[in-house]
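Several structures are given next for inspection.
Heads up, the next two complexes both have subunit A, just with different partners, subunit B and then subunit C.
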Partner chain A sequence: MTLVRKLYDWVEVRLGISEVIEKEMTGYLLPRTINNWYSLGSVLLFAFTLQVISGILLLIYYVPDADKAFKSVSVIMNEIPFGWLIRLCHAVGSNLMVATLFLHMFSVLFMGSYKKPRELQWVSGFTLLNLVMGISLTGYLLPWSQLSFWATTVATNSVGAIPVIGEYLVEFVRGGKLVGPPTLGRFFAVHVAVLPLVIAGLIGAHLFFLKRTGISAPPTRNDPATTTRQGSSYHYDKHEGGIPFFPNFFLHDMTSVSIYMACLLGVVFFSPYLFFTPDSFVPANPFQTPAHIKPEWYFLANYQILKIFPSEIIGLTVQGAGMTFIALLPFVDRGDGRYPLKRPLFMVCSLGGIAMFIALSIWGHLS
Partner chain B sequence: MEQDGRRLFLMTCIGGVAAVTAGAVAYPVISYLAPRKGKDNSASVTIPEKELPPDGAKFFQYHGKAAVIVRKKDGSVTALSAVCTHLGCIVQWEAKKGEFICPCHGGQFSAEGKVLGGPPPKPLEQLKATVANGVITIG
Partner chain C sequence: MIPVRISAPIRILATLLFSLAVSVATGHAQENSCVTCHGAMPGKYGAPVPLWKSSIHAENNVFCHECHGGDPKDLGNAMKPDRGFKGVPKETAIPETCGRCHVGVLKDFLGSAHGKRLGSGGPTCVTCHGNHAVKKASLEIINEKTCTKCHTYERARLMKQAMQETEGMITTLDARIESLKLQGKASETMEQGLFNARNRFHTLFHNVIAEKVRSESAAIKKDLGTIGAQIDAIEQAEQKRKMVGAAAIGGLLLAALLFRLLGKTYDN
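Up next is the complex of A and B:
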C-alpha cells in the first residue's frame, strides 16, 4: 500500500491529480433525480471500445482479399483458439450497439433533452447513429459470403436512383460496374480506418458538448412550464446538492454495462447465429443470387420504404426528408417544456413515428 | 474499526471480481494470439545427392529454421545451421573461398562452421547428416 501511496504522491506533486479527480469524479455533481436511462451513453462508450478491441484482434487473421476473405473468416471461427468468441462478440456486438443507440436516442427524445441548449448534442448524436449504421454496412461485406455479397449489391444499387449522377455514383462506390474485389478494398478501408476515426472524433465532440452544457435534469410533472433554456448568454447547468458521479452514478453505469455484457454473451453462447442467415455460411458467388436477400434488422424499414414506392427516387426522397427532419428536430420543436405527458402533439408524433418504424421493419421482414 | 473492516471486505470482493474478470478476458485473448503450432516439422529432411553441386551449398528449412549442406573438398557432406551466431542473419556460401560469410556484420565461418573472423562468438551449430544410396538425410 505504501508503494501505491508513494506513486500517487509522486504524480500528485507533478500533475495535481487529486484536483482533476475532485472536479471530474467525486465533485462532478449530477441531479438527484437522475435515472438509469442516463447510463446508456456510458454503455455506448463501452460498446464502441469493445468493437474497436475485437476488431483489432480480428485484423490479425482476417485477409481482405476476395479469394481469401471467406476462408480466413472460417479459420477464425473454426481453427484459431477462441476466434469464434472474438468474431461473434464483434458481429453480435454491432447489432446490440445499434439497438442501444436507438434506446439512447429514444430516451433523450422522450425526456426532451434535445432542446436548447443541447441541439448540438442531438445533431452530433444522430450523425453518430448514421455513421454506426454505415460502419455496420461496410463490415457486412467483409466475410465475403453470399449474404455479404448480395446484401451489398442491393444496398449499393439503391444509390443508382439518384437522378443524373446516380449511375456513376454506384460505380464509384463499388469501384466497378458490379460488386467485386475492388468493392472489398474500399469497404475494408472505410470499415477499419475511415469510419472508426470519424466516429471516435465525433464521440469526442458529443462529450465536449456534454461537458460545456452540463447534463440535463430529467423533466418532471412539476417543472415550471418553461424548462427549456431562456436567454442568450452561456450558462453551465450545474446541479448543486446533487449526487457525485463517482462513486454513485458510476455504479449505475457499471450495472448497465453488466446488463449489456449479459445480453451480448447470452446471444454469443446460447444463440450465436441469431443474426446470421444460411447465406452467411456460403462463400460469395457473383453468378448466383440467392432467394430472399434481406438487410440487417435495422435497415428493414428503409428497405421496405424503397419497395412500397413505385419509383425508387420517391422512396429515397421520403427517407432523406424523414432523416433530415429527425436530424433537425431541435430546431423544429422549440416549444417550452420537456415533460412528455404535457406535450400531446409531440407524444403522438414520436410514438406514431416509432410504431411506423417497427411496422415497416416487420413488414420488410415478412415480405 | 467496524467501518475499516467493512471497507476492507468490500475492497477485497471488488478486487477479487476484477481479478477473475481480467483472467476471463486474458485467457481467450492470449490463446487467440499465441503462435499456432504448424505442421509437425520435427521430422528429418531428405535431399537427393545430385541436388548438391560439387563444392556448392544447398539451403533448406530444418525444424523451422534455415540450414545448409555443403560438400567439402574431400567429397564429404556437412550439415550446419545457417543462422549466424552473432545476431541471427543467414550466412551465405562463398564457393570460391570455400567459406561462409555473414552479410550483416562480416562474420566468417569455415565449411565446418568454425569461426574464422568477425564478431560471431560461437561456431555454427552442427546437424547430423548421413549419405546413403544417393540420398542425404539430415537429422
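Up next is the complex of A and C:
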C-alpha cells in the first residue's frame, strides 16, 4: 500500500470522504448538452483566487502611506524578485476578471438562466459584478500615482451630486474635503479587508444557490414553452443520465481556465502597459491636474452618462434606474421560455442595451 | 486731407500712454511693464519683444530687467537709474551679466582664450549665442559662419567633431531613459548620471582648448557608455521575460488543448 493510499484510508475512516467525492464530483450530474459558457463561473472562481493570492503577496511590500505608497509599488516593480509579475498579474487580472464577469453575465442572460427558479443566482451575481467593480475602483487609488489620485478625485466627485447628503458623503468617502492621505487609508481597508470578505461570502451564497437549484440545461429551440419550473414546491434539477462533473466537465473548466491564464499572461508579457497610462508612473501631485484623466474602461459608460446629461443628478438617476432594472430583471421578465431566438423583444432590448453600453464606452474613451 | 507729421518723441509718448491704458484695462500693469510698453512700440524699441518671446529666457521666465535692470513693476519709473536701470550692458560687462545666472560657464569662459580677449576684439556671450532670441545651446552654435568672424574654422571644427558623437549619445540616452520612465522602470540613478555627464559636457564648450575637449569628451563618453549598458541590461531582461512568457503561454494553450481532447474522450 502506498503512503498516499494509507493517508486516504485514514481520512476515509474518519470523514467518509469517498461519499463526498461521489456526491459532489463523480455523481454530480450535469446536462449532456452543457456548453463551454458554463465554465465561465469556474474561470471566475479561479480569477478571484488569483487576485487574492497575488494581492496577499503584494501586501508584503506595499506600504499604505501616502508618502511611501508610490515608492513601494515602484520597488515591487523594479527590485523585488518577480514583484513585477505579481503586480502585473494583479492589475491586469482585475481587468480581465471584470471582462469575464461581463461574459458570464451575458451568457446567463442570453440563455435565460436568470429566470425562475434562479432569480437569487442572478441578483447575487449582479451584486458581485458591482462589488468587483468597487474593489477595482478602491484598488486603483493604492499606487498613489497621478492617475490614481485624479481618477479617484473624479470618481468621488460624482457622489457629491446626490441631493442633500451628497456633500457629506463625498467628505465621508474621502475622509476630508479633498482626496488625500485619509482617503488612501479608507480605500486600503475597503480594498484588502472589507470587499474581499464580502465578495467571498457572496460567492459562497452564489454557489449555494447553484447547489440548491441545480445547474440549468442550455435552452434549445425544441424546449416546451414552459421550461421554467411551475409550481410552488422546491425541486432540484437532477439531469439524470447527464455527464459527471468530474472528470468530464472539470476538464472543460480546466480548458477554459488555461485559456484565461494564457490571455492573462499574454497581456502581462506582451502588452503590460495596456491598462496603464504614463500618468500611472508619476507620483500623485494634488497641485497638478493631468490633461486627460479617464476612468478604467468598464467605468467609461458611467462616466459618459454623467457627462451627457445637463446635471449630474439626472445622470446618476438614469444610472441608478438602469442598474436597478438589470438587478431586478428576473422579476420583470417573468415569461416562460428561455430560448433567445423565440424571444424577439428580449433580444432587441438586450442587444440594444449591450450596443449602447459599448457605444457609450467608446464615446467616453474618445471624448 | 492734410498730412499730419508727428515727431518721434510725441509718437513714443502716445504709444506709452496707449500701452498704459491697455495694460491698466487688462489688469497687467503690475506684471511686466517692459513687455507691455515696448511690445506696442514700433521699430527698434519694439523689435526685441517678439524675439525675446521666442527665446529660452522667456520660456523660463527670465525677463528684460534681469539684463537691463530697471523696475518692471512700476511703469512710471521703470527706466529710472535709481531703479537700477542699466540700458544696454557695455561689451565688457556682458559676461558678468549672463554669469549672474550661468555661474560655472562664466568661470570657464573667463579662463578661456575667448574670455582673455574680452574688450580687445574677443567675443562675448552674445557673439555666439545672440541676445534677445537666445535659444537652448546646441552644437549648431559652433559653425563656420560664426567662428570665422574672428578666426579660421580649423580648431573649432576639430572640437565640434569631438563633441558631436557625445551630443548624439546624450540625446539618444535621454530618449531611452524617458521611454523607460514611461514604463515605470526605476531610472533615477541613470537620470542622475546623465545629468552629471551633460553638465560636464556643457562646461567643455567654453574652455575652447581642442586637446582638452578631446580627452574630456572621451571620459564623458565612457560614463555615457555605462549608462547605456544599464539601459541595455533592462531591455535585455525585458526580452528574456518575453521569451519565458511566450513559453508559458504556449504551455498553457497546449494544456488547454490536452484538457479539451481528454474531456472529449470522456464525453464519448
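Heads up, the rule we're going with is that the second predicted complex is superposed on the first by the 366 of 367 C-alpha atoms of A that agree within 3 Å, B and C clash if a C-alpha of one lies under 4 Å from a C-alpha of the other, contacts with A are read in each partner's own complex, and residues count from 1 in each chain.
The rule is short, and it goes like this: a contact is a pair of C-beta atoms (placed from the backbone, for glycine too) under 8 Å apart; a residue touches a chain by one contact, two chains touch by 3 or more.
On a predicted model such as this, the values are computed, not experimentally measured, just so you know.
Asks: Contact-wise, after the overlay, does A:L169 reach subunit B, subunit C, both or neither (first, second, both, neither)?
Replies: Touch partners of A:L169: none, neither subunit B nor subunit C.
Asks: Quick one: is A:M323 in contact with subunit B, with subunit C, with both, or with neither? Answer first, second, both or neither.
Replies: neither
Asks: Counting residues of subunit A touched by each partner, does subunit B or subunit C come out ahead?
Replies: C
Asks: When the two structures are overlaid on chain A, which partner does A:L210 contact: first (subunit B), second (subunit C), both, or neither?
Replies: In the superposition, A:L210 contacts neither subunit B nor subunit C.
Asks: Determine, under the contact definition given at the top, whether A:L57 touches first (subunit B), second (subunit C), both, or neither.
Replies: first
Asks: Kindly classify A:I80 by the partners it touches after superposition: subunit B alone (first), subunit C alone (second), both, or neither?
Replies: first
Asks: Is A:A99 touching anything from subunit B or subunit C once the two structures are fitted on A? First, second, both or neither.
Replies: neither
Asks: By the touch definition above, which subunit A residues appear in both interfaces, subunit B in one complex and subunit C in the other?
Replies: Touching subunit B and subunit C on subunit A: residues 79.
Asks: Please output the residues of subunit C touching subunit A within their complex, sorted ascending.
Replies: 181-186, 241-242, 244-246, 248-249, 252-253, 255-256, 259-260, 262-263, 266-267
Asks: Along subunit A, where are the residues that touch subunit B in the complex?
Replies: Touch list, subunit A to subunit B: 57, 60, 79-83, 85-86.
Asks: Could you list, by residue number, the parts of subunit A that touch subunit C in their complex?
Replies: Interface residues on subunit A, with respect to subunit C: 74, 77-79, 243, 247-249, 251-252, 254-256, 258-259, 261-262, 265-266, 268-270, 272-273, 276, 278, 280-281.
Asks: Okay, in this complex, where on subunit B does subunit A touch?
Replies: 28-29, 31-34, 36
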